[in-house]
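Here you go, one structure.
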Amino acid sequence: MSRLSVFGLLGLVIRRDLLLAMRRRADVLTTLIFFVMVVSLFPLGVGPEPDMLRKMAGGVLWVAALLASMLSLPRMFSADHIDGTLEQMMLAPQSLTMMVLGKIVAHWMLSGLPLVLIAPVLGLQFDMPADAIGVLMLALLLGTPVLSMIGAVGAALTLGLRGGGVLVSLLVLPLTIPVLIFGAGAVEAVSGGMDAASNLSLLGAFLLFALVFSPFVAAQALRISME
Amino acid sequence: MQASPKLEVIDLACERGDHRLFSGLSFTLSGGELMQVQGENGKGKTTLLRALCGFVQPVAGAVHWCGRNVEEWDEDFHAQTCYLGHLNAIKDELSALENLLLTAGLSGVQLGEKAALDALRRMGLRRKEHLPVRVLSQGQRRRVALSRLLVVDAALWILDEPLTALDVGAVDLMQELIGEHLSNGGMTIFTTHQPLHVAGIETRELLLS
Amino acid sequence: MAINWFKYSAPSTFYGLAGKLIPWFAWPAGLLFVAGLYIGFFVAPTDAIQSEAYRIIFIHVPASILSMFLYLILAGYAALGLIFKTRLSSMMASALAPTGALFAFISLWTGALWGKPMWGAWWVWDARLTSELILLFLYLGFIALQASIEDPRRADKASALLAIVGSVNVPIIYYSVQWWNTLHQGATIKMTGTSMHVAMQQGMFMVLAACWLYAIAVALTRVRSIILEREANTQWVKELQEVKQ
């Protein structure tokens, strides 16, 4: 019998979560459908003038992405908590931080990545120019993993609590405001004829910062919640 | 496996909420020994087992493994324990085989499919290996969970109600497995409401009251 | 004089100490409030540009300052409680949260009252007001998390972790909001003028000091009830004069 390496473990956790998600695809689809619906509601609410829609597009898509990623957060750890798998993970002679990172990556692939991929279609609904759509996708690609990472801390803190679903949004949403500002700012900069590089590099900085700290903090939060 | 593993519990005290469950609890468990934790419901049997695993922070006292505090051992201690709680830690959507491979993997053990199939068959799950666990009975699910004991090379088994939902044959099998584990120098601490006897081994009893 | 601080980090001894200290903070707080507000509303001269409406700053500015500092102090206490497992620090953190949230709310409320005559709108997405709103959200998150966890030890630890994560994020949020605001050409009227009259300064500092003293007095009162609640099963609480009655 041989022991798993750190990256072997990371791969195992990701593969496991993806396998489980494939066995129940409905969960992935709900997030995506929610995102599409929320975005499509805005023109109905504010009117169909193309100029206004083009101006709003970045912000609307980002707010909808934020809400959609909140939707799947409570499920991040709860299924493993209910059936006891989380206990076994914490007892494993392996780094819990790496397992949490694996779960975050899997969560992003299932809830963040689909949003990035569907965003161009929704951008067309809002009559966004091609370069703005490109920047929007890039910004979402950098920003949605940060949402999963901050969200993991919130999900771990509210594990097993009554009303945890609403509570986690209350805790996490204020912390995601910088991502929203710079993500939507990048799109707006391009639409206004400016360079989006500074916005995107700040999003990249947030991503690195979150990547270093959030798995560890979320692992600590899990330990607190499991006691 | 360690040459002579030893678990020492020193003056341990645990609380749930404001309620003191037990205090001043001390015992030593060495290789080849079997201990049953007894006590009425709510006396802290599960809490004691969870404290041994490190889930519950004791209010006072310490747990030592081979002479060193388990907090210092950290992950190396976990490599030598196998905990089975009330929850089976198996996924309904996956087959018995997938479940065993994944839980073993999460415990850091890279398991071949052959070894996993052998373990499941030993647990009496022949021809059930590829079925989704969803369609199995409670007892069969418990068997899937117990099969982890066979593939993880741990000196200390911590079993919380291992016999729940098991039929007579499976109980016999568990007794046999624990017997093998003890004769290999391992040790087991468990709780149960059903009698569990291992041939040739005297069960030590710990009463929480 | 050497004070044994560890002696007072035990809830049982701190309970008595806090009881003795409260009047020493509460009375000066009341007196300074009255004096400071009197100076602010009657002595300080009318502002040339903002006329009488500016007087709201005598409440608005101290409340804003307090709401920000209290969050940092709260996070500091929470971190102490998490790292050194001192129960009293965690209790202080939870005792401070409602006061901080109250000040954040007062700051928003008075900001809106000031905004109506100045900007012509109750709410303007000014950088500082927006940051204050987010700060209020952070306080509410802390309080909500603590309220929804029944086991007090888990509640302390979980909310401590949240407060630490929040306080790391506060500067990032603050600068993001400021950047966002300058980009969108927000309101440019500054709350405080460059030259303040001496009476204005005096009034402001008195109210600020009063707010500090008030916050300490209220936090001590609240921590006393938290101690009683958490230690209800212990012998020393049962022997207290006020509990026996």
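Should a chain be cited, it is by its letter among A, B and C, assigned in written order, with residues numbered from 1 in that chain.
Keep this in mind: a residue touches a chain if its C-beta (ideal position, glycine included) is under 8 Å from a C-beta of that chain, and two chains touch if they have at least 3 such contacts.
Because the structure is predicted, anything quoted here is derived from the model rather than measured.
Averaging C-alpha coordinates per chain and comparing to chain B, the farthest chain turns out to be C.
Taking the mean of each chain's C-alpha atoms, the chain whose centre lies closest to the overall C-alpha mean is A. The centroid of the Cα atoms in chain A and the matching centroid in chain B are 37 Å apart. Chain C has its Cα centroid 49 Å from the Cα centroid of chain B.
Per-chain CA centroids place chain A at a distance of 33 Å from chain C.
Contacts with at least two other chains are made by no residue of chain C.
Across the assembly, chain A contributes residues 227 that each touch 2 or more other chains.
Note for the complex: chain A touches chain C at residues 153, 157-158, 161-164, 167, 170-171, 173-175, 177-178, 181-182, 185, 206, 217, 220-221, 224-225, 227. Of all residues in chain A, only 1-4, 8-9, 12-13, 16, 19-20, 23-24, 82-85, 87-95, 99, 226-227 touch chain B in the complex they form. Against chain A, the residues of chain B that register as touching in their complex are 53-57, 75-76, 78-79, 81, 83, 85-91, 93-94, 98, 102-103, 105-111, 115, 151, 153. Considering their complex, residues 134, 137-138, 140-141, 144-145, 148-149, 153-154, 157-158, 161-162, 165-166, 169, 172-173, 176-177, 179-180, 183 of chain C touch chain A.
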